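Input: a single structure, listed below in structure tokens.
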Amino acid sequence: MKPLLSVRNLSTRFDTFDGSVYAVNDVSFDLKAGETLAVVGESGSGKSVTMLSLLGLLPRSTWVTGSAIFAPEGFELDLLSVSKAELNSLRGNKISIIFQDALRSLNPVMTVGEQITESLITHHQYNKNGAHKRAVELLEMVGIAQPDKRYYAYPHMFSGGMRQRAMIAIAISCTPDILIADEPTTALDVTIQAQIVELTRRLQQDLGIAVIWITHDLGVVAGLADRVMVMYGGTGVEIAPVDLLYENPGHPYTAGLLGAIPSIAGSSADRLVSIEGAPPDLFQEPRHCQFAWRCRYVFDRCWKEKPPGYIISPGQVVKCFYDGREKTPRVEE
Amino acid sequence: MLRYLLSRLISSAALLLGVLFLVFMLLHLTGDPVSLMVSRYASPEDIEALREELGFNRPLLVQFGDFLSGAFQGDFGSSFRYRQPAMDLVLQRIPATIELASVALLMAILMGVTIGILGGSNPNTILDSIARGIGLLGQTIPTFWLGLILIIIFSLRLGWFPSFGRETFTFLGLTLPDQSIVLPAFALSLFTTGQLARFTRSAVMEVMNEDYVTTARSKGLKKKRIYFKYILKNSAIPLISIIGVQFSYLLSGSIYIETIFSWPGLGSLLAEAVGTRDFFLVQATAFFTSLVVIGLHLLTDLVYVLVDPRIRYR
Amino acid sequence: LILSLLAITGCGRPDAADDTVTGDEVPAESVLRVALQTNPNTIEPATGDTRTASNVAWSIFNSLVWLNDEGVIVPALAESWTLSEDGLVYTFKLRQDVVFHNGYPFTADDVVFTWERGRGSGITYRESFLAVAEMVKIDNYTVEARVEAPNAFVLPLMNEHWGILSKQYHEEVGEEGYLKHPIGTGPFKFVEWLAGDRIVLEAFEDYWEEGYPKVDRLIYRPIPDTATRFAALINDDIDIVSNLGPEQADAIETAENVSLVTYGQDRVFYVAFNNMSTGIGTPIEDKLVRQAMSYAIDYDAIIERLFDGNAERISGFIIPGNLGFDPSITPYPYDPARAKELLAEAGYPDGFTIQMAGPAATYTNFEQVLQAVVGYWAEIGIQVELEFMESGKYWELQANRELPPLFGDSWSAGTGEAYPRLIGSVGGEDASYAAWLDPVLVEMIREVEKTADSVERGKVYTRIMQYMHENPPFIYLYAPTAFEAINNRVKNYNPRISEQYFLKGVSIE
Amino acid sequence: MITMKEQRNENNKNDLTGLLIDEESDRNIRARLWYIWRLLWRDKSGLIGLIVFLVIIFSAIFAPMLAPHDPLKIDLHASRQPPIWTEAGNPEHILGTDNLGRDLFSRIIYGSRVSIMVGFLGVSIAFSLGMMIGLFAGFKGGRTDNLIMTVTNMILALPYLVFVVFIAAVLGRSLLNVVLIFGLTNIPIFVRVTRGEVLRLREEGYIEAAISIGQKTPAIIFKHIMPNLIGPLITLATFEMSAMIFYEAGLGFLGLSVPPTVPSWGNMLAEGRQFLTVFPWMSIYPGLAIVITGFSMNLFGDWLRDVLDPRMRRMKK
Amino acid sequence: MEKLLRVENISKYFDLKSGLFKFGGAQVVRAVDNVSFELYKNQTLGLVGESGCGKSTLGRVILRLQEPTSGTVYFEDTNLSLLKPEELRRFRIKMQIVFQDSYSSLNPRHSIGEIIAEPMTIHTRMTQHEIRARTYELLNLVGLKPSHASRFPHEFSGGQRQRINIARTLALYPSFVICDEPISALDVSIQAQVVNLLRDLQKELGITFLFIAHDLSMVKYISDRIAVMYLGKIMELAGSDLLFANPLHPYTQSLISAIPIPSPQEERMRKAVVLEGEVPSPVNPPAGCVFHTRCPVADDLCSSSEPDYSEHNPGHFVACHYAAVRRVE
């Protein structure tokens, strides 16, 4: 089956006064219809920029290269080369996105309801009344009590969880093919996070939306994702089906991440596995493995070239010259 | 909401009281006004008698008390020079000044906000530099100098506008100024235009970086909608609170502009009253100017509350 | 917001301008528009505190007598008058055909009332009324004015400040009401006064002088700024502008629609010395020093450069045109060498340092003149610390005799005689603004007061002039030339040296 | 942020030497200066502002050396000469002369002294007193703070110029008075900014950290608050300085500024005003001097604000 | 076990109104409401709870960085509330705090060396040389290099900054350190570095920790005992293994069940209790048991009367009418 979205060699560079920032480097991944892809990585690893690049939402003086073939039923186009107008007609319609901080993502001077109707009116020629009715339905769908009243509320009158629900309502209002959720629960409490995760999962099943879920919480990923992409220093260092990744991480960084989480069941006597050092500086164009600074298996080659993607098991692609299983540098076939 | 209103009202009243006190004290520091009031030929006894009559030889606080109770009854004393109740003189002049300041404010808003938006939404472009330049220029050209230059160019050389005075016409029962207001209002407005351009520019720049604007773009909304409903509406909020302050600048600036353009408003009255140290008249002028300013502050606060839903339900 | 503000503004002044007419709206009506330099405080002669104010007032009011264009006192509301032998009683026969603007008849009661009111402590020119000790109504059209000692200035003072008020109307509206809406017997009647904006007068159809006034409407517009006044004139927005700067004369001469009117003024600009308070013990008490300082100034350069030649050299407080002027007395020439000699003679070969004050923004170019004067003094070694004060404060200090040893000022005289400026500035202890006390001089001034005969008085004046030249209490700087400009459609405009104007005869083409 | 490469290199070095540390701090100072230079270079308007500003200060300080004539020297025979580039221009007087024949160029140079003095001293007064009161209010909190802020806001709500004019008229003309007026009337704005900053800084973790390690209050103010306060206040100061120069001109116009014998831009404007129609240069050049000075100070102030406010810097990308 | 610190009935209310003119009834935030517990020497007490439930405030009040509204804190035998400001300032040598925000708790204008040396210059008479030596020692202790002393905070990564914070708190050998969410702002790969460091330090120096966090799994890893807070009150307190094995309070139960497990199989097996609704505002806390609005097993009793906070089993404190009676499932 053809993937719904197929991103190839996506790179994004910001030109700033202090120099160029190489925020995303050579990211490739596929997204199938209806599946959930989790993108994990630490702060600054390029998760958000990757997604914003796809939607053309980055500021001026940004350079995006690569391709992103979006192929829902009926048509096919490259998100990175279509016209602005065409992209605009997809945004919020076929592809929508929700952000981490729901309060700051909602217009403070517009009612929540009006913000939901906007996409409907823009993309689906709803009239005012129809849009209103639909918006109330959507509010109800995302679990907001008294939706007809809450329609007229302003964002600041909602609690954190409710705002995120409202954001979800906006995002799914046009029943998109892809929903990108950029750390939607990071700002929320554990108990509220559980509510939102639950809600998204339910809506995804009901509506058959493909979800890209960005997070740095490996716990959330475990329960939510079909496949996982791990990002480090702007590169997708590993992509794998979720079980495979947790059982058998192919990249030293992935392994490090998993080791850094204490397990509830585990004993407190064990030391946590920590990755020494700090994330890389993105001001230099990467010419070698970005993780080399911190990698305990680093050897000469790591400093000389960028590792290509090695398929180490079905569906598991790793960008690393070191073969963890064999405990030797990888040999080229 | 009501409570907010009430507390704003009370603090405004307190503010006014403070203003009265300040004006009163400052004036009394200037020395004795009586000697100014009498004729060139008056004898010392006459002066003493007048001083007695007007009560200037009593303790300051008592005088202040008197002054306050008078003020509450709308009695600000008589202008020495004009021999008329100070309040009448002031009331007569207030409309012209408010008219001038309002038109200037309107001009400033039209020009300043437009310039600010153009600059702010295209940061670091030529357009932005021009916008910043105009903004700065407005803030650095001395107001009265600008006024004179305008007279020379547009009145003397080109003859497009009258150089002085306030002419009016009546329309739908309203007395409105004719083109005679153009030059003075423009000269007066330029400073505020500059300020507003700057504020707008930075407000727009700030709003443009807000997540909700990115969200709006991610919804695939039309550019126009994003501009009006997201960027403008949100940048307007900080601007509202500035407008009160700007109006107060405009009222202040009218001291120069009204003198130059012979605009019959409070500013020229004040310049005159200060020059002749017309005790009660200065007091009344300063008080009513402050009253207008404070009133406007109150008004902008209320508008603020209406426009920004975040405050409304406090 | 703005709209509502405008609305408030609009509603606040329903009467603002619906009936004001500007220039060409109604062609049938002739309108004379006059620019004023300052805002009058009142438009009533006894309280209007500036020339500007009283000139407006004299369009509305009449006195018993007035000065004709030759500078001679002639009857006005008084048909005729007689003076008793002892010079103590003036008997005025009043005109019987005169009515006030509101139709009230003019009678002796009004004259007596005007006198009574004028003696009130709040009246600016109270002195003018105090000069008459008693005012008695003989019958409806006869009054007697009694003075305590013979005083040559009773009639000139009447001319200057006695605008006859209507007693009845004053009783009806009170003092404030009167000043707000003045009623007189003059050629124009009051229509409206928008403070700071305009004063509108209208021809009084029942005016007692046949054939006057010549225009239907008279509008005064206060325009404080020189450049603005100039622009208004060139733009045909104003018909008569006074107090122009000399530097604008050229520009006006080249303009087609306006012409320049120049005339000498009965005003003396001077630097005063103080020997009554702050000047005591300073070098300026020495006559030689004062003479030296007089020699040190290049008056011609000042007049040439700062006034484009448009001012008169003067040799004293009594100037050409004043009674008793002696042309044989010549002004001090510019002679720095002589000045140095005198200074050395007085014991100050290296000069000295002294303070001086001047009023700020009051007279044309006067601040610059004083600065130039100070510059010249510096050249003979006298260092002067010059301070300009806001005029209100300045006159307050002057009245309290707290000004520094030197100060610059000017004094006019509206009567054709130098008496007012003499009595005011060197008239002895009682004179409020005097800083110089010279008993000889005071004695001579008293003599002027007592001498009713003008020829005799002239002789006294000449003596005074001589004395004040030898023994100068002032540095006599110049008598200015006034610049006025009129639109070419204005006819019969005759400004007068006394700075007192009547516009009743002015017509518009 | 320090790159790992550097860290690695450092591992090879022999640490623990005082020498190294001195070298490091030296590197730091130079790096900072270099950084500031780069910031100036990339925002040219700030650079221009700074340069013009420095030129003006320079000319104010060295006025006696720079001015070709005595600014007070009256020469009636040389009065009203137009600037050198007009036909009637006199090479003696570059910008021409005024009504009393004083050299305009020299007067403008000397005038910068008054302007800078008014601006500098005025701001110094407002700055120092305002900062002290603001610090006090912000730190004391409670009723004291409320009272101070009520008074401050009250004064800020007044029509500013009306009061400045009023006070100036009361006090009379002198440089000291002008400085005092601007200095004193601008205290509230410094109070407000200082207090706002103090309240913000008090929330900063490092202040709480300083309290938690038992630091004394004066030390907290001087070591932790003040250095961080200086930035915003200096930015404000540049703006206020240009505003004061602007307002000085206004006072000059009303005849309320420094005595007319002192060459100040405001006075020159006021004197030239009546000749504007006939000898326009008398007021145009002092006017330009005011505009250029204000412009440069504002440009520099804008730059400073952008640089000092990390939020703004990020916005500029 | 030896007690180091005793907190008795401590409360902290914030007054929301300010200004010269106040209208209407006082609005107070009950940030911490009648909390009592004890801390044992050389142990770590974990404190968890949702955002805004008063954890940081409790920490600050214990150290008297904020004055409590009521209640007392005993440090060994000293009643901290009775100390005069100057005494308190000196007392601070013994108790320190590591703040949540590693970025803002270091003055950007001071070098690392100055920052770490500050406590020593305040409280000791050490010479410059001694201070420098101790600074290097501390830097080594927290895994940084002495050459870093002359650098400025912005040159360090979050983890390194947090280490600098820790070095500063350790400068004067404190016996008690509050760690207020020291790792929340850090990246996952860095978190472990700091947690390992804290545990090592405790072992080496015998420090007592109050470890505040909202990440239950991390708290469990580092703490000997755990207290669970909700809306300003402690709901449950017990030894960490005990708490996880047998949570008595419905809130604790749902919290534990909501922790995502980083293992796909287990995560799929987990039956989470998803609590309904939102956390009520501390300005207007619900009557009765503050948790009753979201509690799946609450009844009328819960909404009317407030449960006692009492020792249900030895060492296991809980505030619930139905502790161990009803379980959420």
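In this document, chain identifiers A, B, C, D and E correspond to the written order of the chains, with residue numbering beginning at 1 in each.
Here is the rule we use: a contact is a pair of C-beta atoms (placed from the backbone, for glycine too) under 8 Å apart; a residue touches a chain by one contact, two chains touch by 3 or more.
Quick caveat, the model's predicted, so the values are computed rather than measured.
> Which chain has its C-alpha centroid farthest away from the centroid of chain E?
If we average the C-alpha coordinates per chain, C ends up farthest from chain E.
> Using the touch rule stated at the top, which two chains are linked by the largest number of C-beta contacts?
Highest contact count belongs to chains B-C.
> So, what's the distance in Å between the C-alpha centres of chain E and chain C?
Centre-to-centre distance between chain C and chain E: 86 Å.
> How many angstrom lie between the centres of chain C and chain D, each centre taken as the mean Cα position?
47
> Taking each chain's centre as the mean of its CA atoms, how far is chain A from chain B in angstrom?
Chain centres of chain A and chain B, defined by C-alpha means, are spaced 53 Å apart.
> Could you list the positions in chain B whose residues touch two or more of the other chains?
Within chain B, the residues that touch at least two other chains are 11, 148, 152, 156, 259, 275, 277.
> Give me the residues of chain E that touch two or more other chains.
19-20, 157
> Chain C: which residues touch two or more other chains?
225, 227, 230-231, 390, 393
> Please give the residue numbers of chain A that touch chain B in the complex, ascending.
Interface residues on chain A, with respect to chain B: 52, 55, 57, 88-93, 96-97, 99, 101, 104-110, 118-119, 122-123, 154, 156-157, 167, 170.
> Please output the residues of chain D touching chain B within their complex, sorted ascending.
45, 150-151, 153-155, 157-163, 165-167, 169-170, 242-243, 246, 249-250, 253-254, 266, 269, 273, 276-277, 280, 283, 287, 290-291, 293-295, 298-299, 302, 312, 315-316
> For the complex, which residues does chain E have touching chain D?
Where chain E meets chain D, its residues are 18-20, 60, 63, 65, 88-93, 96-97, 99-101, 103-111, 113, 118-119, 122-123, 136, 145-147, 149-152, 154-157, 165, 168-169, 171-172.
> Help me check something: in the complex, which residues belonging to chain A touch chain E?
42-43, 159-162, 189-195, 198, 216-223, 242-243, 246, 253, 256-264, 266, 268, 271-276, 278-279
> Inside the complex, what are the residues of chain D that reach chain E?
For this pair, the touching residues of chain D are 1-2, 10, 13, 15-16, 20-21, 24-25, 28, 146-147, 150, 204-206, 208-216, 219, 223-224, 227-228.
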